[in-house]
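Every chain is named by a letter (A, B and C) in the order it is written, and numbering of its residues begins at 1.
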């Protein structure tokens, strides 16, 4: 029973850490603003109001959150199978360009064209994830290095494509616009009043559908069970008869596919043509949103929406109060700093505990300030068993 | 004559384990002292204390008659203690010289004096008769030479007392012979050697005295010439508590599992199972006795499908499954309670439900098409939890939150849930309390009585003797001999476990020719 | 494309001194980014924060140069920024056990945002900042050497940072392969346990390595903002932090290897500029090559290592 309570306390502690991290980031952010001659309280108020306080703000939040939901879910899926997919960035681009091509090069009725274009985006992203995945699984090459390389190959490949074979404009490197039959309508196109002043589009429904589907897969399907178990313990899964290679590769391909789908949805809804490197950073921000959301489907979705909201708020802040919108990335960066540093919280807790016990000299073998020794002892205890 | 090492009343506790319980241990100057015991007996902990890698709660250490306080690794090195670990602590891309001088490089200004280092190594290797090429890179050297580099490293740092942690585990017979030559020449030059092992023939060959440890305590220290392998084996695996198990006589039926001339490689790609054959029949428990590290782990992994078979055959109910996948074998009715409970047996961070369904999620009634029926999962899990009396607040807590005994119940519940034709149980009661041990034993016998073939692998002789209907003793990857459970006595089992005698004499001779060679060397 | 055209291209774009000079210049920040990756890689740390460190180094170099009116103060400003980021990175990832990749991504995003933010709030401009008050590094003509035909042109006339970089390549090589600390660093990276049992403080060495990587990256930034241009442009690192990881991988983790593979990148960059101007063949394939070659090299080395391991295994068994 007490162990059960302990695990509950663990969850509470983690939420507490997240809250505290956000608080500390807000605090550091306030200091930055004070130095920059802004009233922090006013700035934070405007930020929240801009993001969630008006219909227009909400729609911009939705627009900014849409691609992030895809990349965050893609990261989460990879994380859950035990991989750090830094390649989401490149998979997002490749999905976008492949989809764009299908979107402008073919003429067919919308009922076929739109799904086909989306599918092309998914396949593009998955294909781009294939090589690093196989290299890791078959050869044991570190996937972080390979995905960073493939991210760059993706950007150059796309620069080539938009500058040469797919180039439509004489002045700027961009592709022809996608056919109307492949576009995702923006809300403002559906009704003039609805979503005015934003480019929010129905792609958000695709994003949410992906969220629901992924949640369902993880919870209710054999494939999802295999993904989860391989991520939790591949030694156990192998023992239980799960095919590690197949599970791992399928996880990475679907992760890449979702990233690619995010890329094409952003194109079809917002841009309607591929402008060279139209949206750098969605992949990496997705990685962070996934981490903020505790690497769960629902958590990372909420984090992505929140991240989108902060960006939307930051935009209105920039127009309204002249505070650079990059402030938001600074604060998110800080939250990640504080959150990722589990050791820092241990450190602070120990300090507090030490202060409480009147600063007694720690007894030998239990020196609290030496984490290295602690882990060593634990390792040996495991061996001794 | 003073003792080189004198350890008195050493006590070291890890969470949940007393690794060293009031241990007294002394080594005379200039002797070769063997330290034997099973994994987890506390040998490594004791040596880690001596080498300053861990600090004991209690106890005193005297080196050459003077009391010392070893707080850290470098204190021990400064006192002239050197240790050659089982896994070498070498840098593969460095040369021999660079590895030996690491952390104590001769300097010339800001730079390393490479000539001095080189000359130093040549001199030391000549003085102790340890031949190495000082400029060779470690990654290009065979394991035996790497070990020599480790010894030289200790000598370079002026070690007078050398601890060798299972040094022959990674060596070929020739390399072992060379090593023994080196050890003798070191002692001839006044060094003291502590030799950790669990191979008795080596103890008999090389040591002057031997200390046996068991369950964190020293059983006895003897002059080697006054003891023999059988006695050592008994001291090593003997149990204090006698566990009674009631069981009806076995009713063996058809052969379920047949293993033919099996050869399997271990993680270092050395042959761990060397031409082993056995049969298990429905309705009987075949116990595999033997000191750990004689190929048991590899045998089990090869039967279950986790480790490729090098040569030979595994046949299940007349069907060859030598190269079948884990899942195919499970479909054929193989279940297994693995030795690594915390690594293979459960996924610590997953819920009990997820742990329990890993072998049934893909088939009816839990799996339906591509889906998993969550109601079925809960029902299935709760049935098993109730049936096996797993003490847990809910089926949705993580496995890591359970005690060792309850965790093992989860493993048993899962493995028996499919009503296996063959049940393999490896070290099933390690680390469990008496109550849990009894439960596990009863469950194994019940499985037998339901008609399953049971293959029990255990390093605990008592467990083997009380559960098995037939006993095979494994030594260096082969079966040394067979005896029925009723006729088994510790004496003869101990002999076989030590590699002596047995009805597989001829086979044994071939397998352990290197031991014979070593004896001469 | 027939042979004569190729020859023409080669003579115009490759074998000419101006191009080689261009290559050396363009390679300089890549070399420094490569050293940043190298020093952490050799200590066994996967540092992907190079990109962010370069940006911060570049920004603070410009700021210091602008406010103090001296290029050397700019250099100092950049180095201090690099040291501070390096120390923070090390503190969080080593002492506070934050995930090293997470930390890297966070620093990259943070640095990108922080430099843009700072440009706007300190200098009140967006996109970039140039000002006559920013003192950059001028070209240095080396006496005597500059008068030697060809060689003089090749070796003389670069900015201070270029020479400093050459020196650092040699110094890093000397450090790694000839000093005790270099041995300790490499031992920590290859087998930390081996180092630890010989009384080497693994944590401290890693900490210092991360701080050194901050300095190398910052120098790359200083070169970009005070040596190459004279001013700050948003996102001016342009991926060089990651390219640094590529040249380190391709260069086999050796300083000379990093230098030579950086030249390859510099050459490709230079070729890119020229071909861009003439629009002969798409430059993007050329730009892509180094990454593809790096991937190929990585695959090749891994396969070779695996085969060697297997051979060794069968020999024993």
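Rule of thumb we're sticking to: a contact is a pair of C-beta atoms (placed from the backbone, for glycine too) under 8 Å apart; a residue touches a chain by one contact, two chains touch by 3 or more.
Heads up on the chains, UniProt names are B = Nucleoside ABC transporter ATP-binding protein.
No experiment lies behind these values; they were computed from the predicted model shown.
Peer 1: Relative to the centroid of every protein C-alpha atom displayed, which chain's own C-alpha centroid is closest?
Peer 2: Chain closest to the assembly's C-alpha mean: A.
Peer 1: Please work out which of A-C and B-C is bridged by more C-beta pairs in contact, and write that pair.
Peer 2: Between the chain pairs A-C and B-C, A-C carries more contacts.
Peer 1: Need the CA-centroid distance for the pair chain A / chain B, whole Å please.
Peer 2: Centres of chain A and chain B (C-alpha means) sit 44 Å apart.
Peer 1: When the centre of a chain is set as the mean of its C-alpha atoms, what distance in Å lies between chain A and chain C?
Peer 2: Chain centres of chain A and chain C, defined by C-alpha means, are spaced 28 Å apart.
Peer 1: Between chain B and chain C, what is the gap in Å from one C-alpha centre to the other?
Peer 2: Whole-Å distance between the two chain centres: 48.
Peer 1: Would you tell me which residues of chain B are touching chain C in their complex?
Peer 2: Where chain B meets chain C, its residues are 73-74, 77, 83, 85, 88-94, 98-99, 102-105, 107, 110-112, 114, 143, 153, 172, 265, 268-271, 310.
Peer 1: Would you tell me which residues of chain B are touching chain A in their complex?
Peer 2: The touching residues are 14-17, 19, 40, 42, 44-45, 48, 53-55, 57, 304, 306, 325-327, 330, 336, 338, 340, 342-350, 354-355, 357-359, 361-362, 367, 370-372, 374, 392-394, 397-398, 401-402, 430-431.
Peer 1: Note which residues of chain C are touching chain B in the complex, please.
Peer 2: The touching residues are 174, 178-180, 183-184, 186-187, 190-191, 193-200, 312-314, 316-317.
Peer 1: For chain C, which residues count as touching chain A in their complex?
Peer 2: Touch residues, chain C against chain A: 46, 48, 92, 95-99, 101-103, 105-110, 112-114, 116-117, 120-121, 203, 239, 242-243, 245-246, 249, 282, 284-285, 287-288, 291-292, 294-295, 298-299, 302-303, 306.
Peer 1: Show me the residue ranges of chain A that touch chain B in the complex, using the header's touch definition.
Peer 2: Against chain B, chain A makes touches at 1, 3-4, 6-7, 219-225, 228-229, 232-233, 235-243, 364-365, 376-378, 380-385.
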